[in-house]
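Several structures are given next for inspection.
There are two complexes below, and they share chain A, which is joined by chain B in the first and by chain C in the second.
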Partner chain A sequence: MGKEPLGIRSFRVLTGAVLITWLILPLVPLAIWSFAKGWFYPDILPRNWSMRAWEYAMSDTAGVLDSLWLTIWISLVATILSILVGVPAGRALGMYKFRGKEIVELMILAPTIVPGIAVVLGIHSIFISMGLTNSVEGVILVHLIPTLPYMVLVMAGVFANYDPAFEAQARSLGASPLKTFWYITLPAIRPGIIVGGLFAFLVSWSQYILTLLIGGGRVETLPLLLFNFATSGRNDITGAIGMIYILPGIIILLLTAKHLSGRSGAVGGFGQI
Partner chain B sequence: MTHVSIQELTKVYPGATEPSLDRLSLEIPTGELTALLGPSGCGKTTTMKMIAGLLEPTSGDVCFDGRSVLRDKPENRGVVMVFQNYLLFPYMSVADNVGFGLKMRKTDPAEIKRRVGEMLDLVKLPDLGDRKPSALSGGQQQRIALARALIVQPNVLLLDEPLSNLDAHLRFEMRDLIRSLQQEMGITTIFVTHDQEEAVVLADRVALILDGQMKQYEKADVFYKRPVDEATARFFGGHNFIPGHSNGRAFDCALGKLVLPEGAKSGAGKLTFRPENVRIGHDADGENNLDAVIEDIIYLGTQTRLKLRVGDTALEAVVNPNEIENHPKGGNLPIHMPRTTLWVIE
Partner chain C sequence: MRPLTRMGLFASAMALMPMMATSDTADGEALNTMSWPEIEELARGGEVNWFLWGGSDNINQYVTEYVGGILKDEYDITLNRVGLSDTVEAVNIVLGEKESGVLDNGSVDMIWINGENFRTMKQGDLAYCGYTDVLPNNALVDWNNPAIANDFGVPVEGCEVPWSKAQFAFAYDTARMDNPPRSIAELIDWVKANPGRFTYPAPPDFNGSVFVRHVFYYAAGGVDNLLGDFDQAKYDEVAAKTWDILNDLEPYLWREGATYPASISAMEQLYANSEVDLTFNYEPAGVGLNIENGTFPPTTQGYGLTDGTIGNTNYTIIPFNSPNKAAALVLQNVLLSGEAQHQKALPTVWGAAPAIEVSRTSNDVQAKFNAIEKHPNVVPAEELAKVALPELQASWISAIEKGWLENVGQ
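The block that comes next holds the complex of A and B.
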């Protein structure tokens, strides 16, 4: 970084400060609530502190930990399935020209444009006839609808900048198609898989409506549990679960800050095709 | 040690009306270094990819030692292709790049290490094994790409424009390296290039491909002395094509009656001769002497290009700058053309 005019510099500092405040500030009351034993107007901070909400959240009776593991499992499987579908789909969209490509792109992007609630009722009736409702499998499957567009988009951007000649070179040197993928293709697309996979994980992690309707309330993921406590007015327990709930997002943000900065080219989207 | 035979090889890409390669047939003897020469887009790289198994031909056959290899997968053909932009794997060290082919063949790691070391010595880059390819210069990358190909001891080596990305002084170094390694290991080698100089300098024999078809397949010097047609001669820098009629011993044209070498074609055709074979001064025996007018003198440093006119016929000559010192533009210039430098084409 060279010297830059004072005006631009202070503008950068200001926008940075606003952004951080905007992202961090709403979390502060949540964190305080989780340690509060009552917190009433006009107190700025609670008068009495307590670990009660955390003790409850961590106890066997609350079901928070069960719900946490279930949510992790669902998001993890949905992410892996997204990767398995998204990599070949992204390769096709990023590298090849074919008839009807624009329509395929639009169909893949559609779930990000059309609200989930608008389509989930139709999906619900189809899932009932297939016996997929009220099951973890059904929830995982329906989570693919919002996760896949992100995965495919990221992979299409990666493959648009990918040179398949490296694969031909590896084959020529004696590598089988499988080894070529493992040693040549995978290292090249790994940043994209990581970024797309983390997106997919977070999107699945935050699903509420789809999980509620397809899971029929029996598949109780963390957002469902959180919503129950939030509506029942238990602000302290809501605060504690809320803190657990945002943890993956923060971890992922810290892990991927480098990849997301745009310099790696992992996040290209259709813009680079 | 493999004899490569290409038979009527044709490629029509999907959606294309014209074939990119039209019934190319070529016999490449064991251990020879052959150039496929042609302008860009003439089907050279297509041919290479089909030999390597990276592209399926529309029709025709590729045989190694008489056996068709079209059904063999690229990894089992014993052919290694070195691409024009080297394609060193960026995520691997130089040593891992060179050892890649052996690793794919499940060679013992200690053995791989030993042979990678030998190979790096052979291409004269013994200390670069730990570097990443991005830290190498173009010439070094080229040599590593060559080492990576040769380490698996392929039956057939394919090189795509092996010298074209190199500086002039590296070209000759690389040429010598390729030739010496190729001769030492006796690998049948085919390379493609659009540069006739690159082809002549490196190859035992040159196959000229124009418009998807092979024009001529000969030792390099034949293209200069005995081109098969005008397009071939022009590709090799020929400029002089004078229509007329041959009776096998002499050529009757606007320049007069010129004596031909033995074996020249009879009938209507064009007389062609290299600009650099035009001699200044008249021949003592009076054979093929002409009187030209100097239209233009273009000084090119080590040589001088002359635009000449004999009667109404324009000629081009390339001479040593010293020879032309006392001859001004617009002046007369006696010339002669030794009969062995003349050739008749259709």
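The block that comes next holds the complex of A and C.
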């Protein structure tokens, strides 16, 4: 890489600083609140500190830790299923032209356009008639409705820039379809899978109303617990549960950060499907 | 009978056994005719899913640790506390199940409920009814008290069991002012003299709605004319005066009344951060809990109004399609016991006023009730009860809420 002009560099530093401020700064009061016993205007810092919120959050009564593992499990399985469906679907949308393609695209996009709250009661009654309510399986399945659009769209973008000639070459050199996928296709689309998977995980991670209704309140994911305290104005416990809640997102973000930069192929092809 | 047929009958009877066992605890009609020991036996070893507002760590701990502990130790029943942000969420689950034909295998076994949500449950035939006499501790409940026998004007008729009593109270910060307004008339003058220092949550928020009813009672010159069925002519007359008062007040409210807090917790935050100087709540014990958990400044003091405040009772209800009705009945009986009501009344636990007649409990329990040291900043329930106002029927309440939205909140 050559030297960058000074203007561009300082612009990049500035946007970086703004982004970090944006992302980190709102978390600071959350963290402080979780150790505060009362924090009133105009005090800059709480006068009394307490571990009570954390003690409650870690107690069996609160069920935060059980809920954390459950939420991780649900989001992981929803992500894997999204990948299994999203990769072939994205390939079809990104690489082929077929009759009714616009309608299929619209159908896939629909869950991101129509607010969940408008359709959730209808989904609920369908899930009841299929016997899928009040179970973790049902919640995972219903999470696919909001996660799939992201996965399919990212994969469609990746496949729009993908040259299938490489696959044909591998096949002509004697590789089996499985080997071709493993050694040729997968490395080429891996950044897209990671980015799409990250979207899917975070979208599933933050579901509230779908989880509440399809889970019948029996599948208590972290957003459900968090919302109990956020709506009741308990900033200390909301802060403690909130810190636990954002942890997996940050870990995953750090692990996949290099695939998220503008230079990777994963986020390049949105406009081309 | 040929042996083969007998074998066949036996086999089908065996196959039916587990189904019968589950339908027993779901069959409310059958439970209503059973003796209490039979119900206890049926409930033993089962589970019960109790849906209730989950926004207070104190209440959660009381329910999970104290009540759940008794159920586990004495009946081997597992209590699953399901926290809600809004009770209507649980009502919607039951409603959705009924519409989809889930008639005996629902997911909700019990809900902490009152008012509008109870009306929905009762009118929609979503409640299991007629069982109260089965509960031994029902003897501690005074069903002759109209404030117990009617839930916001809707007759209970054996469809729910009282849990706690509550009465609306204001609170102020003694560090900020000496003499808060102690009647609605004084409040109106005080708000005009102190612009920007008062607001109320927008109805249909539970607490905002009851505040507006206090103004409504004031405009009517007392509640006596408003009791009974909804009366359009009376409503129109009083409502017009009420909207005049509230619209008059609007420019003197927080942010000149351009917006209202969306919930009581939003208003409590405004109070805690000194943006407004008064707060109120239908649960007066909340002042004590909020001081102890740091939400409110320790100089907060609860108080009632000289012209009275509105009181209500809250209940627990069992949905018609609960599969664990026997265990839910055992849970309700535990909640009504003198010991559990006393534990709930302790200011360090919750401070909620008992829904049972303490005078009907054992001498031991009565002595324990008398020994409770009240939280000094909470206005005593007995003091509030001296001037208690009744709730209106739900039809009045929804008319007032709708009228507020159209005439004041628009």
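The criterion applied here is as follows: the second predicted complex is superposed on the first by the 241 of 273 C-alpha atoms of A that agree within 3 Å, B and C clash if a C-alpha of one lies under 4 Å from a C-alpha of the other, contacts with A are read in each partner's own complex, and residues count from 1 in each chain.
One rule holds for everything that comes next: contacts are C-beta pairs under 8 Å (C-beta built on N, C-alpha and C of every residue); 3 or more make two chains touch, one makes a residue touch a chain.
What you are looking at is a predicted structure, and each value in this text was computed from that prediction instead of being measured.
Novice: Aligned on chain A, chain B and chain C: do they clash or fit?
Specialist: After superposition on chain A, chain B vs chain C: fit, no clash.
Novice: For A:229, decide between first (touching chain B), second (touching chain C), both and neither.
Specialist: After superposing on A, A:229 lies in contact with chain C but is clear of chain B.
Novice: First (chain B), second (chain C), both or neither: which does A:62 touch?
Specialist: After superposing on A, A:62 lies in contact with chain C but is clear of chain B.
Novice: Who touches more of chain A, chain B or chain C?
Specialist: C
Novice: From the CA centre of chain A, what is the angle out to the CA centres of chain B and chain C, nearest 10°?
Specialist: The vertex angle at chain A equals 160 degrees.
Novice: Mind working out whether A:36 is in touch with chain B, chain C, both or neither, as first, second, both or neither?
Specialist: Once the two structures are laid over each other on A, A:36 reaches chain C alone.
Novice: For A:171, is the partner it touches chain B (first), chain C (second), both, or none of the two (neither)?
Specialist: In the superposed model, A:171 contacts chain B only, not chain C.
Novice: One more residue to check, A:181. First (chain B), second (chain C), both or neither?
Specialist: It touches nothing on chain B or chain C.
Novice: How far apart, in Å, are the nearest Cα atoms of chain B and chain C after the overlay?
Specialist: 48 Å.
Novice: Once bound in the complex, which stretches of chain C touch chain A?
Specialist: For chain C paired with chain A, touching residues are 49, 51, 53-57, 60-61, 64-65, 80, 82-86, 89-90, 92-93, 96-97, 99-102, 107-108, 263, 265-266, 268-269, 272-275, 293-298.
Novice: Where on chain B is chain A touching in the complex?
Specialist: Listed in rising order, the residues of chain B that touch chain A are 49, 52-54, 73-75, 79-81, 83, 85, 87, 89, 91, 100-101, 104-105, 148-149, 152.
Novice: Please name which positions on chain A make contact with chain B in the complex.
Specialist: Residue positions touching the partner: 163, 165-166, 168-176, 179, 183-184, 187-188.
Novice: Enumerate the contact residues on chain A facing chain C in the complex.
Specialist: Touch residues, chain A against chain C: 36-41, 46, 48, 50, 52, 56, 59-62, 121, 124-125, 128-129, 133-134, 212-213, 216-218, 220, 224-225, 227-229, 231-237.
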